[in-house]
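The following pair of complexes shares a single chain, chain A, combined with chain B in the former and chain C in the latter.
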Partner chain A sequence: MATRTQMPSNSSGLIAMIADEDTITGFLLAGVGNVDIRRKTNYLIVDSKTTVKQIEDAFKDFTTREDVAIVLISQYVANMVRFVVDSYNNPVPAILEIPSKDHPYDPQHDSVLSRVKYLFNTESVAGDRR
Partner chain B sequence: MGEENEATNTQQSTTESEALNFLDSVDNYLILIESLTSTLGQGWLELSSARHSMGGSRLNNVLLTLKHHSAPTTVELDYDNAGSMTKSKAPQLTLSKWKPSATQESNESEATTSPLKTENHRGKVLSMFGGMVSPKLRASQLSFETALETLVEIANVRSSVLEAHRALKLHKG
Partner chain C sequence: MSGQSQRLNVVPTVTVLGVVKARLIGATRGHALLKKKSDALTVQFRAILKKIVSTKESMGEVMKTSSFALTEAKYVAGENIKFTVIENVKTASLRVKSRTENIAGVKLPKFDYFTESETKNELTGLARGGQQVQGCKVAYVKAIEVLVELASLQTSFLTLDEAIKTTNRRVNALESVVKPRLENTITYIKGELDELEREDFFRLKKIQGFKKREVENKRKAALEFRELQAAEHLSLEKGIPITAAHDMLAI
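Presenting the complex of A and B:
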């Protein structure tokens, strides 16, 4: 994976998003939308026509941009590019998997919990939370 | 012999403390995820209600502007971790909501964000979808703002989980 230059000690960063239309619309209402001079946005709307390659390219782009601090990705979208998401190890930007309207959050697939699950019985983590 | 026992006890209590730290972090992480799911659910419901009352053509992604603009809501990164003693590589994240852009700051006398200016920023974003918008759309906007606050907390707790896991793994050998 390509490396990125670390941001200065105190700086601000964008919140990038790879999710369905309603989730993106909601977060854009909250003011996180950014469009640069080249009309490049900090979000990718995933629908039935979006290919896995487009999702992968967007993920790689957002995780290598210097101005992105957090990448939000719907968990069902992350599952399509699971290998790429789980291979990502940098502290910034932070990758956060979020639920979507039609796909509830599943702790079994969360990339953070999957790294630490060997310390637990996985059934007890998933079962107690439902 | 006594010294060996003391060293073993110290190491054991350090490992136990790290294990507790790790479990607390994971617990916080899962609690925040649940809270986020609930908030997002509310936001989606309000958005659907707004779409129902305003019509689908007034609330879709075609209207999202591709005109050059900076995000008024960003995240502040503190790599110094506010002078804390922990040597975490991940920065502390703080949400910065509705901050005026550099152009707006130079045009206006106040650089800080007052409640009135925050409302103006909110209104500007809502105006993407027309002049008169449903109250449900405003409610949805607030729900997603709350979701953002929870997400920033989750990002910080995520760093704690990974850091605690690293420390535990190191001591386990």
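Presenting the complex of A and C:
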């Protein structure tokens, strides 16, 4: 239990994003975006030209940054770097897989939700959720 | 003896017995407490599980609504609104604050979102589609709200999972390692003490028998001595040799 990362409670964290252009635009409109002095953004726009390496680097960068509290990642992007997402299991920052417009949400692929479902199946409460 | 290795290496004395007994009581109490903690955490865990599933489902809805709002905004305000938005990013006005919640001694991080200042995108869509842009913004803030809630649930889920695992491990360790070991030690010490007591008893008996034999021997010696003296007396009186006197007394 001592390994748990503790964020200072008074600090304010950012919400980082790795998603397609439309999703990013929407969240930027809500005021999530942040650009620091070195022109470093807290989001990565994934389009057809983005390589898996770039996504992987961005994911690693966001998960190790001090000021990021939540990382939103589109599910289809998460599927591209599934091995990295699955191997990450720290509580802070939290990784959230979000649906994107062109790709419907599939709960089967979500690393956390699959665990939830697994636990639920043993308790047989999930029956009415389907 | 079963579980010879499963006991502590102690000197079997009454003092150590007391100490070990106290430790066993402590272990039992600790076990009960940890079990309670584990139960409390599990209850919390189940509640969070249920909440996660329902929030995940509602997230799909909210995201759909916000995507639709964005499409509306794009339709009315033109495709290039997104470039305006992306170019206008400066500092985040919508941030997340984390605080900790304490459940049965486990600190769970909770996220709250808050807006620092108004977004700077006021001029976006000024020409046309301002209403849609605002609507889109509201929809996405709502989405953020759900996502932040989901994030805190998810972190709690992971933290609690970890905490429950550790607690259960401790409970099991106390139950199946520490307590049997202490119990074995207590039986061992009791056995040894009984053994010592028996040995002591035996030794006392032995000494008693030895003393009795000694007294008997002395009595015999005294008797012989008296006989001898009587024989001597007789031999002096009658003027016969001492062996003859002996024979006379023996008849």
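Convention: the second predicted complex is superposed on the first by the 109 of 130 C-alpha atoms of A that agree within 3 Å, B and C clash if a C-alpha of one lies under 4 Å from a C-alpha of the other, contacts with A are read in each partner's own complex, and residues count from 1 in each chain.
Simple rule for what comes next: a residue touches a chain if its C-beta (ideal position, glycine included) is under 8 Å from a C-beta of that chain, and two chains touch if they have at least 3 such contacts.
Note that this is a predicted model, so its numbers are computed, not measured.
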Superposition on chain A - do chain B and chain C clash or fit: clash
Touched partner set for A:Ser12, first chain B, second chain C, both or neither: both
Which superposed partner A:Arg39 touches (first chain B, second chain C, both, neither): first
Contacts of A:Tyr88 with chain B and chain C, given as first, second, both or neither: neither
Residues of chain A that lie at the interface with chain B and also at the interface with chain C: 6-7, 9, 11-15, 21-35, 41-42, 45, 69-70, 72, 91-92, 94, 96, 98-99, 101, 105, 107, 110, 112-113, 115-116, 119, 125, 129
Complex contacts: residues of chain A adjacent to chain B: 6-15, 21-37, 39, 41-42, 45, 69-70, 72, 91-92, 94, 96, 98-99, 101, 104-105, 107, 110, 112-113, 115-116, 119, 125, 129
Complex contact set, residues of chain B against chain A: 22, 26, 29-30, 33-34, 36-37, 40, 43-44, 47-48, 59-61, 64-80, 89-91, 93, 96-98, 121-122, 125-126, 128, 137, 140-141, 143-145, 147-148, 151-152, 154-155, 158-159, 161-162, 165, 168
Footprint of chain A on chain C - complex, ascending: 46, 49-50, 52-53, 56-57, 59-60, 63-64, 66-67, 69-71, 73, 81-82, 85-86, 89-100, 106-107, 109, 111, 113-116, 119, 121, 124, 133, 136-137, 139-141, 143-144, 147-148, 150-152, 154-155, 157-159, 161-163, 166
Of chain A, residues touching chain C in the complex: 1, 4, 6-7, 9, 11-15, 21-35, 41-42, 45, 69-70, 72, 89-92, 94-96, 98-99, 101, 105, 107, 110, 112-113, 115-117, 119-120, 123, 125-126, 129
